[in-house]
Every structure is written in C-alpha cells, then in structure tokens.
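Inspection log for the structure reproduced underneath, given as structure tokens.
As written, the chain order gives the labels A, B, C and D, with residue 1 at the start of each chain.
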Amino acid sequence: MATIATSAAIHHALVLDRQELAPGVVVLGFDAPALVRVTRPGQFVMAIPPSGELAATALGIYEASGNRASVMFFVVGKRTAELAALRAGDHIELTGPLGNGFTLDNVRNVAIVAGGVGIASVLLPAQALTRAGARVRLYYGARTNALLVDHDRFTSEGCELHAATDDGSMGHAGYITDLLSQTNDLPDMILACGPTPMLRVVARIAEERNIAAQLSLEETFACGVGGCWGCVVPLVRTSKQAPSFPPAQRNGSDVVYARVCKEGPVFWAHELRW
Amino acid sequence: MVDLRGVDLGVKIGKLELPYPTFMGSGCYGSGEEFASFVDLARIGAVVLKSVTRLPRLGNPTPRLVHTPAGMLNAIGLQNPGIDWYLEQEVAKFASRPCAIVGSVAGFSVDDYAYVSERLATRDEIDALEVNVSCPNVASEGETFACDPKLTAKVVRAVRATTDKTLIVKLSPNVTDIASIAREAEAAGADALAVINTVRGMAIDVDRWQPRLGNVTGGLSGPAIRPIAVLAVYEVARAVTIPIVGQGGIETTSDALEFFLAGASAISIGTANFTDPQIPLRIIEELAQYLRLRNLGSLAKIVGKANVGFSNPYQYEGDEG
Amino acid sequence: MVDLRGVDLGVKIGKLELPYPTFMGSGCYGSGEEFASFVDLARIGAVVLKSVTRLPRLGNPTPRLVHTPAGMLNAIGLQNPGIDWYLEQEVAKFASRPCAIVGSVAGFSVDDYAYVSERLATRDEIDALEVNVSCPNVASEGETFACDPKLTAKVVRAVRATTDKTLIVKLSPNVTDIASIAREAEAAGADALAVINTVRGMAIDVDRWQPRLGNVTGGLSGPAIRPIAVLAVYEVARAVTIPIVGQGGIETTSDALEFFLAGASAISIGTANFTDPQIPLRIIEELAQYLRLRNLGSLAKIVGKANVGFSNPYQYEGDEG
Amino acid sequence: MATIATSAAIHHALVLDRQELAPGVVVLGFDAPALVRVTRPGQFVMAIPPSGELAATALGIYEASGNRASVMFFVVGKRTAELAALRAGDHIELTGPLGNGFTLDNVRNVAIVAGGVGIASVLLPAQALTRAGARVRLYYGARTNALLVDHDRFTSEGCELHAATDDGSMGHAGYITDLLSQTNDLPDMILACGPTPMLRVVARIAEERNIAAQLSLEETFACGVGGCWGCVVPLVRTSKQAPSFPPAQRNGSDVVYARVCKEGPVFWAHELRW
C-alpha cells in the first residue's frame, strides 16, 4: 500500500452543503482546503459527532477537490444520526486524512467493487485512475435501485458500470460479486470496499483468478489513529504493512495483528489471514 | 496557549514533575506519536505507554472493541513486541516527545514484572514506570495480581527493587476492597497509585448468540464507569498518603474536578480521546480558568476537598443498623 | 394483549411459576400499586417489594438520587416501617395484586435476616422471598454480607431454615469473585440467585465541593452497568445449577436477550421503569415475537446459549501467559 | 393537602401547539381530554423524552381545559432539550396527573408566589381561586423581564401582579420575597412554587406573619409515582401527609421522610423539617 507519513490535522470545517441522496444516505460537503491538499484515494477521517458525547466515527473521504471535501454516510446509529443533523453553515470537526490509501501505480485495467456505502471510498481512486487513462469498471451493488446512489458520478468520469441489486430493481438481481465472478474479461487489479462478507468473496475470486486485489476493510474503531490496537486484522508477518514485531523464537505464528486504521484500511487480499 | 497567569497546574508525582496534571491513559494513546500531528504533546502532561511484557504477544483475537451505553469494552490482550524488541526498536523514538513518558509494565509472574521493569528502567527515555497489575497471575489459575493484596505487594516490592524511578501502581476496581490493596501497594514502595483500571464486563450479540468480544470478556471504560472510579479514588485517598492519578470516564472539566475533589492529585484521560482528541487540552485550559475565577492559586488547594459529608439529622430505631 | 401463540414465556423459579419471565426490581416498583393505574400488573410477572428490616428505618438523608451517564446513583437507605408495622398495615393489601409478590428481606445480622424472613414467610400474600445480602454487617465493621462467601452462606442457611417458600438470594457485584459467593449461596439452600444488585459509586458536586448524595456513596444502576451485569450472570451461570434472575440496565428486548443468552432464566427490570413504565410490557411482547420468528417454542431454548467462545487461531510466544 | 385516589394514566398525546415564550422557555400544548378531566391544581406529569434513553422528567401541568393540557419548561438539560424538539403533530408520552395538589377550600385572599418556571404550577390554582371569587395576588419573580413569561395570563384572570426581577428590568429590583415580606396587607394563605431558596424564605415569612403556606417542592425524581423513595423531604410524623410509619418505641425522631412525588409535591410549610 501507499504508506505515507501522517499529515493528519484536526479540521474545524464549515459545512458547505448537505444532500440526502436517498432516504438515510447523506453527503456532507465542507470547506477544508488543507485536507483536500493532502488526501490520497482510500483515506478516511474521524468525524466528531456534534454532541461531544459519542466516540468519533470513521468515514471515507468521498470527494476532495479545490477547497471542498465531502463524506457520504448511511444513517445507521446514533453517531451518523447526529452528523446527519448538520446543515450548511454549521461546523463539523474531523481529524484526517487518516490511514493508507490504495496503491494506484501501474494500474491499467481495474475492477472497482463497491457494496452499499462502500461507494464512499472509491470515487477518489476511480477519478485518479480514469484521469490517468486506466480502464475502470465499477461493480456496484446495493439492496435496491434507490440506494445505488451517485452511480452517474462514476459513469461521467468514464467508468463502465456493472450494477446489482438484491431486489433486481436495477442491474443483476443478486450479489455484485456474481457479476465479477462471471466475467472473462479480466482486470489486472481489483479494488474493493463494502461489507465484510462481500470482501471475502472478492478475495476468493481474486485468488482463483490470480488477480491482485486491494480491500478497504471496516472494523469497529476507537481511536482511529493507531493508538489503541482495537481495530486489528490478522496479516502475514512478512507483509510490508505488518507492524514492527520480532520474528518468533519458538511456537510463534506467521501472522501479526495489524491496525485497520493505521496500517490499513486498505490491505492486499492475499496477505490477510481473516 | 494555556493561560496560566496566577495559577499553578503543576504536580509532582514521586520524582516526576509535570506542568499539567494530566496523563494520557495507557493503551489509549499509543506512544503519543499517533496523536502528535494534531495535538501539541507539549501541552498534555504525560503519556503512559501501552503495557509491555517479557515476551512478544499477538494479543486477543478479534473483535476487540464494543461500544456500550456511555462507554466501551475493550479486550486488546496486551499486544506488544516484548521487552527485547521494544528496547531495541521503539524506546529510542520516545526521546523526542515533548511530554513526560511513563512506561507501563505488565506480567504473568512476579519475576516477569521485575524483569521487564529492570530493563525498561535502564532507559533515559522513560521518565517513570506504571505497573499494570491487572494481568492474570498464571500461577494462581488466572486470578489477577490486582485482586490480592499480598500478590500486589509482592509485585510492587519486586519492581521497587529494580529502580529509583517514580513508580505508579495501577489498581483494578474489580475487587471487594480497593483500599486494602492500595495500602499494601503503598507499604511495598509505590510512589503513587493509578485509580482505576477498566471494570470487567461483557456484551453479547443476540443475533449470533455469541460474545461480542473475541476474548469473551473485556474492560469497561468511559463515562459509564465514572461514579465507580470517583468512589474508588475517594476510598483510596482515605487509605494512603501517596498521590493518586484518578481516571475512569473523564470527559469534561467538571468530571476532572470530581476526581481532584475526591482526592486525586492528577488525572488520566483515556477513552475521551476517542470522542475528541482536543479534550485534554480543553480540560487543562478550563482547569486554569476554574482556579483563577475562584482565586485558588494552585490545584493542590482542591485535592481531596469533597470530604465533608452531610450530617444525618433524623434517625429512627432501625437506622442504627 | 401479548400474543403468545406458539411460544411459552413461562418460567419456574423454585416453586414460583410465572407466565412471564420478568420481575420488577426491588426498591424500584414500590409494591406494584404505585404503577397499577397505568400498567396492567397481570402482565408483568412479579414485583419484588422494597426491602424490609426488623426495626423501622427512616433511611438516608437527602439527596438520595443523582442522574449519571446512562444511569443513576441511589442511596435510599432501606427506608421502611419495620417488619411489625409492615405485617400489620401493608401486607394484607398485596393479596389483590394480579401478579406474583416477592418479599425482600434485609438485615444487619444473621439473626435479623432469619427473624424477618420467618415472620414474612408466614403470610400467604407473599409468594416468594428475596434476600438482599448487600447490607452492611454491623458485627464486621460495615463489611456487607454479600462480600464474604461464608457470611452469605450463614445468612442463606438461617433464612432457608425459616421457610419452604422459594428463596432468591440477591448478589452484589462489588466483589472480587462473584462465582464463589454464588456457589456458597447455592450450597446453603438458595432456590435461585438475583444477579446483580447495584454497583457502588459516588458523584461530587464541583460547585459546592460536596458529595451529591446525602449518604456520600450510592448504588449505580441503569444501562451503564449492563456489561458488568451480563458478565456477572455469565460467570454465575457457569458456577451454579439453580436459576438466575438477571438484572442491571435492562431497557430493551435486545438487552433482555443478552441476559438470557448469558444464562439467566428470568430477568428483572428496575431503572428502566423510570424511563418509561411501558418497557416491561414491550419487552414481554417482543420476546414472544423473537421466539416465534425463530421457531423457538420456549424461552428455555436460549438460556445460556451464548457460551460458545471464539477460537484463538493465532498465538505468539508471550500469549500463553 | 387534597389527597386524592390516583387517576394517573399513560397518555400518548398529540402535540397541538408549541410556543417559545422566551429563549429557552417552551410551552407544549397537547390533546389529552382524559388528563384534563381529572387534573387538579398543583399536579404534575412525568414526560418521557422521545429518544427513550433518558429518565422521564417531572413537569407541572400548566393549563388544562377542554381537550387541551399544556406544560411549560425551561430548557436546562438533555431531557428538556429533547422535549423542546417536539413540534405540533408529533406525539408526547406522559404519565399523569400525579401527586397531590393545592388545598383551595375556603381560601378567600391568597398570595401566590412564583419564582422562575415555578409559574408553571400556579396558573391552575390562580384560575380556580379567581373564578371562585377569591382575591389573588401574584408575586412573580424572574432573572429578567423577558423571563417573566405569561404574566398577562394571570392579570387577565383578575390577579393583581407584583413583579420582581434580579436586574430590575421589570418591577422591583431584587427578590420577589422582598415584596412579600414588605406588604402589610396580609393574605390568609400563601401558595408558592419556585427554587428551594425562595421557598425557604417564603416559609420563614409565613411563620413570622403566622400565615398558612403551601409550598410546591422540587426534588430530583426517579420514578415520580412513589415507587422508589428517592425524592423525599423530612416531614413531621403527625402530618396528614406523612407516609404510614409506626410511632417510635425509643430514640426515634418525630420526623419521617415523605415522597415529594407521592405525598407532595405540595406540603404545608410548617410541617416541613428541611
């Protein structure tokens, strides 16, 4: 992965705009030029719910250009509900950019797989790749048509869209990974973000087809900055992303736990032991 | 900048002198570096490092975190590279931190504690040691050291013998009588006590009929445990004369004041950093304001001052029970 | 009406048979009458009465309540008119309650407990007894009975000798090892265990530099303590074979399920009645739904079923500690 | 006091109207004919904050006529903030009426003393008394003019208004009890509701002038219905309001703790030992 020195800061950002793309799916745009400047595709922020009583919550950086960055989230619990109550003119406090993003060097023909709100973390890599001249196919799945939000943002960037919905209201009726596994027009790289069961299937397909895959994982976070070791995932010790750990003297496993927030959230599928 | 005109927020814990009475709780703040790009470490007092053990530990299986009402459960399981690697690869980096660095020592036998402390104490990058006695004692079928006054005393004596550095002993609330453990720790040579570590708890996933933590049980932290922690500090303050680092659910200046008034000389902030990493700085600033507004020159003036109870003017026959 | 088609929510605790597995916690629900005009008592299972003592007690000075994050502290101090007056003036009224009535016994000596239990047990209005062993033991300098396995056993044996009625022993979480106390209570003749009573805590008024409770310390209840309570039930369930009445912060059906899965045969609801007195009825209804949706005919099918832990596939040298 | 058999019920009431009388002072009117029918002056409700996560909170019944009852409250914490977010068309859940109200029989010349939001509990008794032909003087104190909300409601009912504000922006500059203690035109009864320090002064004035006084007390509540004994106040054991308690055999005090929510909230000043 693109391991970079942290340039995270706390941003006290003016909310510029708020859209509800579908019921319970919110995009908040805010003024944060300093964040935009250093953000790399696949990074996230820790957003502080305004009441100050709940833990900060991780959100992928959806858009980042000029002075404006944005996050997209589903209202699923208390924290996202508090964030959803923000309006243009309010301020949002967030720490970022955090984590290591996708490795996009030498990617020419990519399949991006997004499940549900996983779409929030893949617009920036899609943009970077299409602009670099790569062929980008977006495999985008959601429960229903209305929740396949902003797919036109991707097609207008030049991505080919393959869609799936659980209820068949748009595209393939079933899992998005069905489409991925059926294609014979293989990409040279897969990037994926979405629910863990989807990522596991992507990892299996990538292994079977012998395609390198980068997965953006989701775990329960506490600090979000590498301070608590709560968000870990088992990783082979030889991975470049593995945290500093001594070789085993005896009966040690070849796996270490790596922090999703710090060493990730993006990992090479073949290096995970989850 | 903190406006310190006319007020002294400094504390002395053993030999450790700090400009601000705040520690960042062990296991919550990495080695400080993780927060350094967005929090000015010169303004936070001290960082207590993640606990280190004799041998490398992968720690507990996942999941390791669950959010609970006004708190969270964690079960990290002391993931750390072991003291050898730690000394070789990590400790040198701490030299550049503009705050005090407190090493945290964990172990599964008295000898473990002594060994790790002795080696850690050799290093100048480490300003003080905290002894985390909440680990299971392998020899006593998993009972933790912190649950037995005699075992606690053994560990503290052994560690004390290895170093002149300031020694903070961190007590567990999961005991019948924390004051008796505090007394033993003091008698065995502790310079200060950290009160409290997390409270044992558990959460269950009712869809999957499974514990929510890979380790089944975990430690509860955050505002939910604050009343438990305030009482523990109050009781320990009555039992010992060494300073107390109060902790457990501190999120606001008012919370911090509860601990000082209960008898803590300093406080530690853990989980609140996950809510907003600016909280420690805000508390320091507001503590200075509080003292200034009340013409109290120093924090020491309020330590332990909530000790006056109420009178009970009305009683009846059975109330004497 | 609760839709019970195809599901059995009934439980048997000792000899006490209830159509619903819910108790209203002692001290939280008066004698039921206070809620009767707006809650159908026929649908709540059982009410555990406020604890009664040998002599009349005025109880603690005020204030007696403080709200805390996701919970509250109380220090009522067992205000009650004493067993004589209670039997003369109060108990007859309980006959008309359309739910089970569990008497709660408190005391300051083994003899107190036996005396009050014996007298209370004579009355048909009382369906079962709960023994609240969390009172200070006057003879042992205020240590509570609940904190010592031997003292607990003494009290339980003494009470057991006075009655054949169902005997529930209510355990305190403020101990190092609740399982050992549970085992003693079972061996001494308890029919069931209530797990847990409140957690000791304290809050301080930082403006007035005074404890917020007239009694200085109090008992923490509500969702804040739920993870502590779930773990206590889980550990006690592993230590005994008698049924457990799980309690501590139950507010929703999901909370209730955590307790059943941890090993409770029934639950008790206290503080949640202060949030919304309709909560017990809602939980009963939703429990029935949960069982029906999963084709589980009876609640017994889920009791203690969260016992499967995780495997720990990855270990390193130090992890064996 | 007017001790009555409880007729409390849980009301799932439609919010009819919401007014903000001053910044942070809200009146919520709701449709609850069954509540109106049985409410007596001085009773209260336990209102359930909509999130279902906080304890229910005690609020005096401000108005009660026809189908509509209302509560008035100051937004001071989480629970009142949640209630303040309700709007016409929402529902509010509340238990009531609770507690015993004021005793108004044979009252001909009354001074009603209200401090701040204490005003919420004295409109109903003021109405009942003026309508019964009594002379009613309202002594109404608040921090500032803008917080002397709805005083015209009382004057239009025929009450004489005596006002005081801390900042002198209306009426006497100082405590409302200053005005009460200065009058030589003595009432035959005092009713009071407001902050505890105010009530203590009222009790002292009433004792010095030998006037019967009924005080509506405020305590932290848990259950609000008499179930937990958390909200008590020391009362002489011989009071008609004293809870059932045996006479002392030895070294007993002549005081018992009575529940503010159940035996109160209104008590005779001379029977309190606080």
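In the analysis below, contacts are C-beta pairs under 8 Å (C-beta built on N, C-alpha and C of every residue); 3 or more make two chains touch, one makes a residue touch a chain.
Quick caveat, the model's predicted, so the values are computed rather than measured.
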>> Of the chain pairs A-B and A-C, which one is connected by the greater count of C-beta contacts?
In response: A-B
> At what distance in angstrom does the C-alpha mean of chain B lie from that of chain A?
Replying inline: 35
> So what's the Cα centroid distance for chain A and chain D, whole Å?
Replying inline: 55
> Roughly how many whole angstrom separate the Cα centroids of chain A and chain C?
Replying inline: 46
> Taking each chain's centre as the mean position of its Cα atoms, how many Å separate chain B from chain C?
Replying inline: 32
> Which chain D residues reach two or more other chains?
Replying inline: 234, 248, 252-253, 255-257
> Can you list the residues of chain B that touch 2 or more other chains?
Replying inline: 56, 58-59, 70, 82, 223, 313-317
> What kind of graph do the touching chains make: line, ring, star, complete, other?
Replying inline: other
> Of all possible chain pairs, which ones touch?
Replying inline: A-B, A-C, B-C, B-D, C-D
> In the complex formed with chain B, which residues of chain A make contact?
Replying inline: 6-10, 48, 52-56, 93, 95, 219-234, 244-246, 248, 252-253, 255-257, 262
>> Give the list of chain C residues in touch with chain D in this complex.
In response: 27-30, 34-35, 37-39, 50, 56, 58-59, 62-67, 70, 72, 74, 76, 79, 81-82, 84-85, 89-90, 223, 251, 271, 273-278
>> Give the list of chain D residues in touch with chain B in this complex.
In response: 234, 248-253, 255-257, 273
> Okay, in this complex, where on chain B does chain D touch?
Replying inline: 313-317
> Which residues of chain C touch chain B in the complex?
Replying inline: 53-61, 68-71, 73, 77-78, 80, 82, 107-108, 112, 135-136, 138, 147, 174-177, 199-206, 209-211, 214-218, 220, 222-228, 230-231, 234, 249, 254, 257-258, 261-262, 302, 305-306, 308-319, 321
